[in-house]
Amino acid sequence: MTSRTGIVLGIVLLALLPVVIRDEYFLHVMVMIEINVVMAVSLWLLGITGLISFGQAGFMFIGAMTTALLMKLGGWSFWVSLPLSAIMAAVVSAPVGRLSLRVKGVYFFLITLAFGEVVRGVFAYFEHPFGGWYGIRDIPPPSPAAIFTGMGKMPFYYLGLMLMLVTCAVIYRISRSWFGSVLWNIRESDVLAGSIGVDVPGFKLVAFIGSAFFSGLAGSFYATYIGYISPLVFTFEYSTNTLIFVVVGGFANIGGPIVGAVLLTLVSEGFRSIGKYQSMAFGLILVASVLLMPTGLIGAAQGWRERSQRRRRAVVPAADRQG
Amino acid sequence: MALLEVTGLTRRFGGLVAVNDVSLTVETGEIHGLIGPNGAGKTTLFNVISGSLPASGGRVMFDGADVTGLPIHKLASRGMVRTFQHSQLFLNFSVYRNVLAGMHIHASSGFWAGLIDSRSTRQRNAALAERAHELVRFVGLGGLEDAVAGSLPHGHKRILQVAIGLGPQPKLLLMDEPVAGMNHADVDRMMQLVRTLPTARGTTVVLVEHNMKAVMNTCDRISVLQFGRKIAAGLPEEVAADQAVIDAYLGVFDDDVA
Amino acid sequence: MPIPTARDTTRSISANIVSAGLPRRQLLGVSAVAVAALISQKPAWAADKTVVLGCSIPLSGPAAPTGITTQRTVEHALDLINQKGIQIGPDRYTIVAQFYDNKYVPAEAVTVVEKMLADGVKFIFSSGSGNSVPVVGKTTAAKVLQMSGASGKDHLTGPQFPYSFRVQPTNETAYALYPWLRSNYPDLKRVAHMNPSDEAGYTESEDRRMIATKNGFTNVANEYFKRGATDFYPVATRLTGVNAELIDFGGTIGRDQALAAKALRELGYKGKIMLGYSDAKSFVDIAGADAAEGTILFDTLAAPQNPAEKEFNDWWLGKYGPPMPSFAYTMYDWPFMLAEAMRKAQSVDPVAVSVALRELIFQGLFGEAKFGMKSVYGLESSITRDIPIAVIKGGVPVPLALVPWPKDV
Amino acid sequence: MTLALQILVTGLVTGLIYMMIALGVTLLFGIMRVVNFVHGELVMLAAFVVFAVNVQLGLPFWIALPAAMVMASVVAVGCQKLLFKPLNYEILNCFIVGIGASFAIKSASWAIFGPEPLAIPATIPGVVTFAGAFVAKQRLLAAGICIALTVALFLFLHFTRPGKAMRAVEQDHEAAILMGIVPENVYVIAFVISAALAAVGGAILGTLFGVDPEMGSDPLLKSFIIVQIGGMGSIAGTVLAGLFIGITDSITGTLFGGELAFIIDFAILMAILVVRPRGLFGYDV
């Protein structure tokens, strides 16, 4: 299978990258990309259920906070804190999902937005143990210290790469499993899905919890990598950025959020040297990309390929659009 | 024992009583028609019975159990499935995948098993695929498996909807205006399909329909609603002769035969 | 897998069986291009007589005014410095600044600093404590000199950060202010504090309450508000209820100051208001002359007092037009101090420059400036200088005093 | 008692201003199911126009205001034709395009207008006192304008031809087309009205709170919350929710301090949505 070979080749290339390019800034950007990809893919899991969340940074924050508290106050190892943080985000997401999934469409957009802000507000309000607006600083790197403090960013790059690959693999499996196909069905028509026996609220909730789980994972990694978290980090803008990755990349398959996160992070980085015009350029690119490719990069690529195939076959399906 | 027994069902919207104390019995194996002028409360009654809307009062017994207020997906897994007035399809998916989706309740091998792609899942899925193909052929869409649902002609879309509804192997299929907006040939085709359901699939049918000719020719028994109340019930010819029904429709019969 | 064959259509999930390879390939191609772009962006080192000063400042978002003002000020200061150049041995050095938008977001700030470190930048300026604290560990480890225009107290200044300097007195102004208040306004006893709800606000509030108490004041209220929140009536209602004689706006900056003062006056507050880091003109414009009357402005230069201030003021008005933000004056000295330290050290090595910077006594806009506060932070890393104070009279700021830096701090 | 009155007065006035801006959001949503993220930027640009005409050119406020309304309408219709129409008013893409445009406009505004907050002088300075509660005259004027415009909007929607056409499109898109209404024309009217409301909001905010490129962001977020609590597309709901949020803001802000008020606002939003998923007056989306 060529696609499998392609993926293996890609992973090998990614694994060799730090050996070839020994530039700490570049590695740092790669680590940020890894975090962004995990976030975008986790949001995509909601997307294939037809849900859009503006509060994904809230779950990331919960994961990051859990790791920060466990490692800094509890002295726990990162390797224990990481899964616990993801689980904590998932645990919080269950009741939140139960309540917020009662609303649909735009209302869900905004209730998730509100949730993200409440998380920020709560962590900011309670100085103990959350550090208030100071946030928590000096979060230790993972053990063994010899590797994670002595070798620059390379170990973090590999750790992030591993998390990213695992997340992508698991979410890809989910999206291609029967469970995933039901999520796609719900996205297409939740009324019809319900009528044939799908527990629509239940499936949505599981997708919501799963998505929160991986966001928590990203948050945990963020905390140990940057070493500093505060309510200034996990903002509505952060959630929005994640959503932008997915929309610009496209929902059609998991390549969408991945390509979106990678490209936009790089684009934004590429414009960094223009200082005050960076945000402007980013905004304009966003506008252009959605206008030119409303189904995202992946959608545009698929459309292009289909058109060329159709031209080759010269078969035009007689689509009857009545009713 | 009756398959579906509705007793004193009522549904209010604010001050409006859309369904008022309706009782209804559907026997196993019959095709039961539900007719009435526009606004008689047929679709609301459907929505309440099928769990799409909560009831304001009354009781729904299905297959010997009280199912009042159960959510729609639970009813589906108990064997009561509904179709919709407007074509509800997974428009961007193929015909085959639409039908396959309908078999959801027989596919639930569990979340983890579904992820891991174990041998038993694969076997079960192979069996499902076989059944889906069989169902596509049964409703007469054979050869169109790969067509995108959204690109089908209207008549095919409605047929496909029936196929999806048959996926859970329901004991009772509630069909909301299955021939609305169809041409003659498609109506005949649909009604032929409906007539085979009790014998070929073991599925009892309740259908709401405006097309009188179709209802009279297809249904074993008919109930008539007006202003949210049941005003008559019985064999097609009895109902057609019922003075209350004639008054209710008053000339509508002729116009309505499409 | 029960999911149908690869022949399934458009948005169906199976379509990616065929396409899965494509995004990956695209992705790799794109990243290769981007990598090339990123690497090629290394600053064009103009021969060997240039020192790069990397500035991580907010140029978009709500904190942008600080960043834009800083950029303009630094550009001008460097122009002046570079006219003469910095003579080190036989070489004449000039300082070239690079400005990056940190959007006032810590993660962005970390990325900006990573980029500068990778580019080999040895002198960094960072604006905002939330952006400076997360990077100080990295710059220290890289032996890069970091100057921060930020509060952040011992998180930025201390023996563990030998190359980190704070170039703007923030919460520390209170050390000079409260003794001055005690002797000049002996009737004032009850102080209320108002600060933005972020870490700068918390730092300010903590220190100001502590220092006020030390100087015999009573703290009667401590309020926080969300920065950029438009309506101050609720907070002002709370503050008018505590019978304060003085309200210290602490870390409140920009428009918030004017809106809060306006709301307080409209709700009948009669006591004194004290605020800093402000541009007096826009404060009066927004608050209105009546509400602004009598406000004490700390670390605020009402009008240029000496030739250097005059020159800067004229340059600004000529280039950008009025108003000239007073904040710009407080950002003016440090580039000169950096240049002077390089000259003194006869080196552009950040470690050597740090040592020289610590010993430097500089004649700045407000007189003698030097890095000090060892008694508080354990190392001479936080700038100390006289604090100019102004008061609003008849709708215009009038110079009131130049409060000397207390000897014991 | 005085405190209660003060809280009420403060809340009503700010509530009316929020409502004003939220009405524009809900109008567009009701009619074409579009959440216009550029709305906040219209508020901001309008305030800059008022500043330019009123302060820099020295013309009266009452000339500056219509100028701002015209300018905001032009930008809004520009956004509609260039951004939203090509996307067939599809909600998510419109949302994202709006965010992108808003980024770009804000960022450009910083570069153009510079760092200093600007102010539009009050049209009527001074403070009114009654029963121990204080309120600035300018705020009362603002409240008056908001009430007048809301009434005008109501009359427009119910008693004029274009207004009726708008309501027809809102209630039943297909039926409206059958009645010979061209939706696209109705959309243009909706964008113009919505922008005009935003412009008035901007002028009011400018006189009360000063002018800067970020000034539209907070009111936009607030109007999202209001619109949602009131029910998307419901004018009556927006009016009530605007006042409701204004007063809750005032109560929580005054009694518990600004920080907690922020959390409480969002908690209220979540609670209301859990109890009434479509908001107070909303319909199915």
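Observations on the model:
When the chains are written out, they are named A, B, C and D in that same order, and each has its own residue count from 1.
FYI, contacts are C-beta pairs under 8 Å (C-beta built on N, C-alpha and C of every residue); 3 or more make two chains touch, one makes a residue touch a chain.
Quick caveat, the model's predicted, so the values are computed rather than measured.
Closest chain to the protein centre (all Cα atoms averaged), using per-chain Cα means: A. Ranking all chains by how far their C-alpha centres lie from the centre of chain A, first place goes to B.
Computed centre separation for the pair chain A/chain B is 41 angstrom, with centres defined by C-alpha atoms. With centres defined as mean CA coordinates, chain D is found 33 Å away from chain C. Annotation: 46 Å between the Cα-based centres of chain B and chain D. Chain C has its Cα centroid 69 Å from the Cα centroid of chain B. Contacts with at least two other chains are made by residues 124, 177-178, 181, 184, 276, 278-279 of chain A. Residues of chain B in contact with two or more other chains: 92-93, 97, 107, 117, 125, 148. Shared interface positions of chain D, i.e. residues touching 2 or more other chains, are given as 106-107, 110, 259, 262. Residues of chain C touching chain D in their complex: 59-62, 64-69, 197, 223-226, 228-231, 233-235, 237-238, 241, 254-255, 258-259, 262, 266-268, 279, 282, 285-286, 288, 290, 320, 323, 325.
Chain A makes touch with chain C in their complex at residues 2-3, 5-7, 10, 13, 21, 23-26, 28-29, 32, 48, 124, 132-135, 137-138, 175-178, 180-181, 184, 222, 226-228, 230-233, 235, 237, 251-256, 258-259, 262-263, 266, 269-270, 272-273, 275-276, 278-279, 298-299, 301-302, 305-306. On the side of chain C, the complex with chain A involves touching residues 1-3, 10-28, 30-31, 34-35, 37-39, 41, 59-61, 64, 67-68, 71, 98-101, 103-107, 110-112, 114-115, 117-119, 130, 133-134, 137, 155, 197-199, 201-202.
On the chain B side of its complex with chain A, the touching residues are 50, 71-74, 76-77, 81-84, 87-93, 97, 101-102, 104-105, 107-109, 111, 114-115, 117, 121, 125, 147-148, 150-154, 157, 164-165, 167-168, 181.
Here chain D touches chain A in the complex through residues 29, 35, 83, 86-87, 90-93, 95-97, 99-108, 110-111, 221, 224-225, 228, 232, 259-260, 262-263, 266-267, 269-270, 273-274, 277-279, 282, 285, going by the rule given at the top.
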